[in-house]
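What follows is chain A paired twice: with chain B in the first complex and chain C in the second.
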Partner chain A sequence: MFKAIVSAETLKTTLDSVSVLVDECKVHLDEDGIEIRAVDPANVGMVDLRLSAEAFESYEADGGVIGVNLSRLEDIAGMADSGQLVELELDEETRKLHIQIDGLEYTLALIDPDSIRQEPDIPDLDLSAEVVIEGKDINRAVKASDMVSDHIALGVDASDELFYVDAEGDTDDVHLELTTEQLIDLQAGDARSLFSLDYLKDMNKAIPADAEVTLELGEEFPLKIKFPIAEGQGSVLFVLAPRIQSD
Partner chain B sequence: MGNADLRDLAHLETVPFDELDPGVVAVDAHNWLYRYLTTTVRWTNDDIYTTSDGDEVANLVGIVQGLPKFLEHDLNPVMVFDGGPSELKADEIADRREQREKYESQLEDAREAGDAVEVARLESATQRLTPVIQETSRELLELLDIPFVEAPAEGEAQCAHIAKRGDAEYVGTEDYDALLFGAPTTLRQLTSKGDPERMTLDETLAALDLSLEQLVDVAILCGTDFNEGVHGYGPKTALKKVKAHGDLWAVFEQEDVYVENADLVRELFRNPNVTDEYSFDVDLDPDIEAARAYVVDEWEVDESEVERGFERIEDALTQTGLDRWT
Partner chain C sequence: MPTETHENPAPETIERVVREGQLDGAIVTCLAACEVEYDGRSGGYLGPGDRLVVAKPDGTLLVHRPSGHQPVNWMPGGATIKVEEDGGSALLYARRSNPNEYLRVYLHEPHLLTRFDADDTATYQERGTEAEMHEYIEQNPETAIEDGFRVVEHERESVYGYIDFFGKDAEGRPVVVEVKRRQATLNNVDQLKRYMGLYRESNPDVRGILVAPSASDRVQRALRDDGLEFVELSEFAVETRESSEKTLSDFL
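And then the complex of A and B:
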C-alpha cells in the first residue's frame, strides 16, 4: 500500500538526485518515508536518498518496493508547476502508479524491482577531513575546473586549515582555496583525492545553491557529499570513487 | 566438430558484466583476435586498417576496441598465444590435414548459408595469424602493458592450465573445448555486444553426473577438433553409452564402434602440451601515448577508429570503482 501527496518541487529534487547516476531505481516505501539507493553502471558513483514522511503533505505506506523508470517519472513531474501538489497512489493489482496533478491523471507502468541492478552497500570509510561548504561554492569550483580539465583534485591542508580545489589542464590550471572563514565548518586532516569531473558535474546539478553541504575526504579515498533536501525533511548522500593519481 | 554438441552438454548461464567477480582472464588470443578480424572489423572499410604497403592490421583495431570491456569490469586479461602445432605423429598430421580440408568445405557451406557465427568459427580454425598480425599484436599489447603468455602448443589448453593452477579466475574463449581441457570457469562472448556467458566445469559434470575423463570420452564419440565422431552419435547417445559402459574403450567394445586415434585424442585433452614456465603482472602501467602513436602513425590506422577505445582504456585504468571499499 502506498498513497502520498507531495509538492512538485520536493518530487523533482528527489528524482533529480538519483537520475544523475541511474536510469532506473528501486524505491523503498517504508512506513516512515522513502529510501532510494543506487549505484551507476560503472560502479563509480552512488546515491543514498531518504525522504521522511514529514516531507510529504500526506503519506501512507507499509513497506513495499517498486521499480521506477526515472526519466519517465521526471517528465511527469515536469508537468506540474512549482507549488502544485502531486498525488501518488500505487495500484497493487496492476503494479502501476497513478499520478494526479490538478486533474491530470497519468498511469505509470512500473518496472519489476528484481530486474533492476542490485542496491550497493554503503562503503564504510574512515575519512580524515570534513568540510561544510555552501552549495554555490561547490558549483563555482566545478564550473571553473570544467573549463580546463576533465578531472579535479579536492583536498584539505591540515596545517594551513584550508580546503582547496585543483584542476590541471593541458594548458590552463584552476586553483581555489577556501579558509575556515569562508567555510561553514572545517575539521581538518590531511586529505587529497582526484575525481572525475563528469561525475562531479552531474552530482553538482542535484546540489541546491543554498544548501549546507558536508564533504568528507581522505587520501586517495572516495568522497562523500551529504546535503539536506525538502527543508531538512530529507537527505542525500553521494559517494564518488576516486581516480588514481598518476604523478 | 562437436561444437554444438558440447553446448548441449555444458552448464551455461548469461551473467551481466556487473555481476561477474573481478579477476584474471586467461584469453585464448587467437580465438579472441579472430572474432574481431572476422566479425567486427571486417564489416568496416578496409582502408581504415590497411597500410600504404598493403598490410592488413585490423588486429590493432580489434585490440583497442576489445580491451576496454575487460578493464572496465575489473577483469585482467592475460593473452595466451598459440605455439606451434602439437607434436603430432605422421598419421595424425595427415588426419589434421584432412580435418582442415573438411573445415574448408564446411566453411564454404556456411558462407553460402550466410551463417556468420559458423563462418567466424571455421575461419578461425582454418586460418593462421599472419606474421604481421602476430608481431604487431604483441607489440601493441606490450605498449599497453597487457601481459601475454606463449603457449607451447594449443593456446586454449594453456589457458585452462593457467586457470587450473589458480593463476586465473577465468578462461576467455568462444570454444566449448575449454571444458575438455579442464577449465574450471570459462567466459564466452567477451567480444560481442551483450552479456558474457559463464560456463562452469563443476556444474556441468554434476548435472551430467560424469567425471571429466568421461566427458572427454563423450566428446570424442561425438567428434572434436581432432577427430571424427562415431556416425550417428550425438550428445545424447554418446552420454548414454559412456554412462552405461563406463568409458570410451568399453563403449567401443560393447557397441562395436571405433574412433581412429582415440587414444591420442584422449591424451591431447587429458595431458595437453602446456607449460608452467610463465609469469605475468596484472598491475598495468600502459603508455597510452606510445600505443596511440604506434597504431595511428606507424601502422596508419584511422584515428577515429581507435580514439574512443584508447580513452576508455585510460579511464578504466585511472578510475577506481566503489566496490574496492565495500
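And then the complex of A and C:
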C-alpha cells in the first residue's frame, strides 16, 4: 500500500537527484519514508536518497518496492506549477501509479523492479578530510573547471588548512582555494583525488545553491557529497569513483 | 604486409577490400561520414554523421559513433557482408537470413579504409573471480575454512537468496559461509546476518563465516559483535589495476 501527497518542488528535487545518474530506479516505499539507491551503468557514480515521511503533506506506506521510469515521472511532475500538490497512489493489482495534479490524472505504468539494475553497496570508506561548503561554491568551481578541462582535482591541504580545486587543460588552468573562513567547516587531512567533470557536472545540477554540502575526500579515493533536501526532511548522498592519475 | 590502407577510397576499392577481407579473414575498418539503415525485427534509421565502421571476417558488422562503448548499430557474426555501388558512393551492407535482417551503411564520404590481417590466438583469462574462490573452497574446504570443515551444500537456496556454502564443522555444528571476492563490507555482514536468522531459530549453535580477501577493522568488529567469524583468503586479493578510470566496485 502506498498513498502520498507531496509538493511539486520536493518531488522534482527528489527525481532530479537520481535522474542525473540513471534513467530508471527502484523506489523503496517504507513506513517512515522512501529510499532510492542507484548506480550509473559504468559503476562510477551512485546516489543514495532518503526522503522521510515528514517531507510529504501526507504519507502512508507499508513497505514494498516499485520500479520507476524517471524521465516519465519527471515529465509528469513538470506539469505541476510550483506550490501545487501531487497526489500519488499505487494500484497494487495493476502495478500502476496513479498521479493527480489539480484535476489532471495520469496513470504511470511501473517497471518490474527485478528488471532494474541491482542496487549498489555503498563503499565503506575511511576518508581523511571533510569539507562543509555552500552549494554555490561547488557550482562556481565546477563551472570554471569545465571551461578548461574534462576532469577536476579536489584536495585538502592539511597544513595550510584549505580546500582547493585544480583543473588543468591543454592550454589554460583553473585553480581555486577556499580557506576555513570561506568554508562552513573543514576537518583537515591530506587528500587529493581526480574526478571526471562529466559526472560532477551532473551531480552539481542536483545540488541547491544555498545547501550546506558536506564533501568527504581521500587520497585517490571516491568522493562523497552529502546535502539535505526538502528543508532537511530528506538527504542525498552521491559517491563518485576517482580517476587515477597516470604518470 | 599485415595492413593495407586507402585514403579517400573509391567505391570499387571499398568493394574489393571488403570482399577480399571477408575471404582472407581480415578485419576491414572504414572511417566515414555515413548514413545507416536497419531492417529486420524492427526498423531504424540513423542520419548522416562521422562514424567508425568495422567489418569482421566472421560476418560481424559494427557502426561506432564518436562516443559510447557500444556500437549504435550492429549485425552479429554470421551475416553476409557485401559492398555495392549506390548512386556513385559505396553501400556496405550485412544481411542475415534467420531472422531476416539488413544493416545498410551508406558510405557517403569514406576518409580512410584499412585492412588488417589480424592474428590473435590468445584467450582472455579473468583473475580472482568469485567462481574461482568457490571452486577453491569446494575442493579444499579444510585449508580454506578450517580443519574439520566439510561442505554439505554449495549454493543452498533460501528465502533471502543463495547461501554460498552450507557446511558442518568438526563438532558437527552447522556453518553458513558467505564468500566475497573483494574486501568485505558492512553490507556483506548484514547479508550473512540475514542468512543466520534462518538457522539460529532451529539451532542456536549455528556458526556464520564471512570469507573475503580482506576486511577492514570496522567490518571485523561488526562480525565479532554479532558472534560471526571472518576467514581471510588473501591469495584472492585483486591485483591493483593500472587504469585511469576506477569504478565504485574497486572500493567496496
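Observations on the model:
In this text, the second predicted complex is superposed on the first by the 246 of 247 C-alpha atoms of A that agree within 3 Å, B and C clash if a C-alpha of one lies under 4 Å from a C-alpha of the other, contacts with A are read in each partner's own complex, and residues count from 1 in each chain.
Everything that follows uses one rule, which is that a contact is a pair of C-beta atoms (placed from the backbone, for glycine too) under 8 Å apart; a residue touches a chain by one contact, two chains touch by 3 or more.
Bear in mind that the values here come from a model prediction, so they are computed numbers and not experimental data.
Overlaying the two complexes via chain A brings chain B and chain C into a clash. Within the superposed three-chain model, A:R117 lies in touch with chain B and out of touch with chain C [touch as defined at top]. Once the two complexes are laid over each other on the shared chain, residue contacts for A:L11 go to neither chain B nor chain C. Of the two partner chains, both chain B and chain C are touched by A:P222. In the superposition on chain A, contact is made by A:D126 with chain C only, not with chain B. Judged by the touch definition given at the top, the superposed model places A:A241 against both chain B and chain C. Within the superposed arrangement, the part of chain B that overlaps chain C, taken from 3-11, 21-29, 201-209 or 255-263, is 21-29. Shared interface residues of chain A (contacting chain B in one complex, chain C in the other): 39, 42-46, 120-125, 196, 221-222, 239, 241-244, 246.
Put simply, chain A touches chain B in their complex at residues 39, 41-46, 117-118, 120-125, 196, 221-222, 239, 241-244, 246.
Residue ranges of chain C in contact with chain A, taken from their complex: 185-188, 216, 218-219, 243-252. Chain B contributes residues 18-19, 72, 315, 317-326 to its touches with chain A in the complex.
Across the complex, chain A meets chain C through its residues 39, 42-46, 120-126, 196, 221-222, 239, 241-246.
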